[in-house]
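The first chain written gets the first letter, and so on, giving A, B, C and D; residue counts start at 1 in each chain.
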């Protein structure tokens, strides 16, 4: 399948155009890019971003390790100062017993519990415990901030129809897919961007071509039910004069980016998805994804988003 | 009332077009959509959004239940470890007494109160109380974060004129309504979007048609007093050549979405409202909603936003 | 001064057009609007906005009053439960002494201090103190959140040239003013909006007319030094064919709104200002507000923003 | 090198046009502006911005100084009230000993540790310690908020190709540079703005001219690999009919501003950079910065962004 049309071709779409061999799909089904970044020094990393994006298991393990290590260091510091500066501790019963007592005193200080059964009496122990309480308070507050930041990080849960259809559209044909919001939150200022990419073999190199697919509408105010995004297959479309047999064999990828403003988060959020040639159904149209109750309420069943029936084109 | 005009018709407005029966209004008077979402698995829910959007009663009940359950579990853990590891607790006076003592010790630890009358002496009790204090601190901080998130969540309080008027406008007619900010905050970059929907009966199905209503201006910088939004009834308007008698009988719905930037919240906020046919007054014009004090100050009485007088068209 | 031009007239600018008497300026010199809002019920208020916008004195007074009242109520509750349920309190020494002891115990609980010299022994006192510690922790965290919200609320500190000049501009004349950022933060995506308003006496009413003043450029990417905003006085300008003698007598007001993105706050911020007729200088041009050090550094002295010299037009 | 073209000249770009002598580059290599601001009073400063932008060393020093000073003041207050109001303190052992004891009691109160070995008994000491615990809690929470605000402040880490190239472009020539994201975060809605500035000597003054350079595309949706920004050298370009010999001698500066939306931060972030004449390579083209693994994954090595080869124009 070679498109002769130059209309809407994008020269540098930010994904690269010449490859020594065939690549995997560019956008994975979970919306991430299939690109690995190298040669980036540690200095350009952002610790906050790393802590927000890492897995929960990794995040919690790191935090617990830091807290226990800090408390163990403070325990050693109290032992070095001398446990005789701390009231309520039995002294001279061996290192293990000294350490556990100092460790628990440290924890009671770090968490600002301060039961008081064990308490500092010497000046140095007093000073260290004051500093430890400060560090403890701030550590917990920072960790809670990160917990909350991870927890409240905006994301979006869109359902994409499992297939793209080539369906009848205004007397001609159109390439269509549809989306629905899986959550109860209201999404406004919705914008869609659809790019087609496919590879050609040229002089032993794999060349990727990119085409911006023109849409019937690039945006919609709100879609409480669902939104069908349509690329009209007109004479400027790269899909013009293409038979289904050509599409099914090719390694095209249709990359989608949806931008919305989520009212609950009060932020702009993006969703990405891509369809491959096997996800395109030639000669089909979508069925209704909603129905009306007798009470007059409109019911959207998100599972019905994928339903379509075959039609002749 | 059947509009013949195809101008500004929207094919897929995100609300659905074919229904098996008559539906309720699409936008309720409180701005929510009359749509129920089904077939959405638990995995696509966002706990943060749920916690931010649920009612205060539900939110507080859930939090109190979680805190009391956690403390009861810790109390059972201390009993299992052995209350002899905790100083200041009377042992062997029955489960109820053991439990209440352990429960209150747990609470003094969870809140990082640590009075110290009761305090851990054994290693295991010490370790568990340290962990409980950490969990307690973070729980309260997370709950407070959510409390604050709910409390500071941007919203908007617009007053819409109770009626839409068909009023004289630039030698012809215009469909008008007006809005005012009920708060002292400054709203800037105001944008309005007005969509007409009405239903037709076609082959035993209820078909919804949607029309984008063109506005004299879609936006305004600021409106310290009030803003009158006008749809000029010209030859492209679906309201062209319509008599009031047709409007009052129909089930049209005029859906409004207003977008503003609230300077106090520093965020974009949306407001939705809709007018039905009985809310439209044919042949009327708005009266002034503001007056001037002798001191030169301008007084806006938001209740006067609804005032109009009948005129001949 | 009556403008015959209808070009760029704004019909409803959101400020009102017909007044029974002369009004004060619409935008005060501190950027607030000269409008008082009435007829707004309590239910439409937003407590968060009120707490963020009130003065520091009011904010702190309210918080201290709430904390002291809460603690006094808890003190009365402990007395009602019976001070014999609290260890370390001398009982039966009169109400004043009971109250102060209960009040300080309450404070040690509310702040999660928990010295432990006074501590609850009875079940009910234990339960109440646990609940009080929870309420206390959350109160302080909420108050701190508000403190931080007030403290970190984005604002902007623009210097406006004290005068607007009618200066030579591209062979003709232009109405100009200039702005500079008084802070070290970087302001990007700067947009300006300039509206002229003036009042006419018509049939015993004061009619306000509004004109959008076209600008040479409505926006600029960044302005590390200063930005001169120019309204070219061409044939479409309401200032066309106006002599200075007319301007100085009139009660015109030129209302400015500047929108910027502040990189430190990461937010869009707005600034408003207005010039009256006495602030307009006919036949003058701005002098440079910056100079270069021998080291090659550019020095901007914000006080030089106001400097201009008289020229013949 | 004097450009005769007036196309795309910017009259006031916010950087100043007339200087008494030669200036340094306007945008430093770290993206800051080479401008010093004077004549700005203290009142227009924003303490929050200062605290967010200052160095970590300065920030921590200020905070530690404030905490220690506050505690020292409270210690003096307790001594003034009388240490006999505080249980567990040895009285009458000299000022140094009194002060350290009061200081440590103060710290145990400020951090809400409240071990209880030392605790207030008198009414005034009780009241002061209650107030101190409140101030302490809020201080730590505020400092933590600032810590978190500094830590989570959005920034961007773009790699700019070390050279700008004048390369073959669509049968003619183009001025090109390219950028890549050094982080794993996804950057969307990328916009580029490129301005050329150069100085002329006119009547003993240094005049700066500014030209907006038209780009092949001003924006791109995403660039998981890299984005090459191209200014086509056509007849409207200030670089038309320029030989390399002219460029290398001149003191031109090409100022870049890139705006992106960072999905992890959920915010718009800006990056600035500038190229001088010695950074421009005449007759060269960029080499590929990515390669494909056998597994089909695309590898971007950010260090390869700078690679180019010489070509004849």
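Convention: contacts are C-beta pairs under 8 Å (C-beta built on N, C-alpha and C of every residue); 3 or more make two chains touch, one makes a residue touch a chain.
Quick caveat: nothing in here was measured; it's all calculated off a predicted structure.
Enquirer: Of the chain pairs A-C and B-C, which one is connected by the greater count of C-beta contacts?
Expert: Top pair by contacting C-beta pairs is B-C.
Enquirer: Which pair in B-D, A-C or A-D has the same interface as A-B, with over half of the contact pairs matching by residue number?
Expert: A-D
Enquirer: Please work out the Cα centroid separation of subunit B and subunit C, and write it as a whole number of Å.
Expert: Measuring from centre to centre gives 25 Å for this pair.
Enquirer: Between subunit A and subunit C, what's the gap in Å when you average each chain's C-alpha atoms?
Expert: The separation of the two C-alpha centroids amounts to 36 Å.
Enquirer: Among the residues of subunit B, which are close enough to touch at least two other chains?
Expert: 112-116, 141, 265
Enquirer: Write out the stretch or stretches of subunit A touching subunit D in their complex.
Expert: 11-16, 18-24, 26, 33-41, 44-49, 52-53, 87, 109, 112-116, 119-121, 123, 126-127, 129-130, 133-134, 137-138, 141-142, 145, 149, 153-154, 193, 195, 206, 257, 259, 265, 267-270
Enquirer: Inside the complex, what are the residues of subunit A that reach subunit B?
Expert: Per the stated touch rule, the residues are 67, 100, 104, 107-108, 111-117, 140-141, 143-144, 147-148, 151-152, 155, 157, 159, 181-186, 188-190, 216-217, 220-228, 230, 261, 263-266, 288, 290-304.
Enquirer: Considering the complex alone, what residue numbers of subunit C touch subunit A?
Expert: The touching residues are 112, 114-116.
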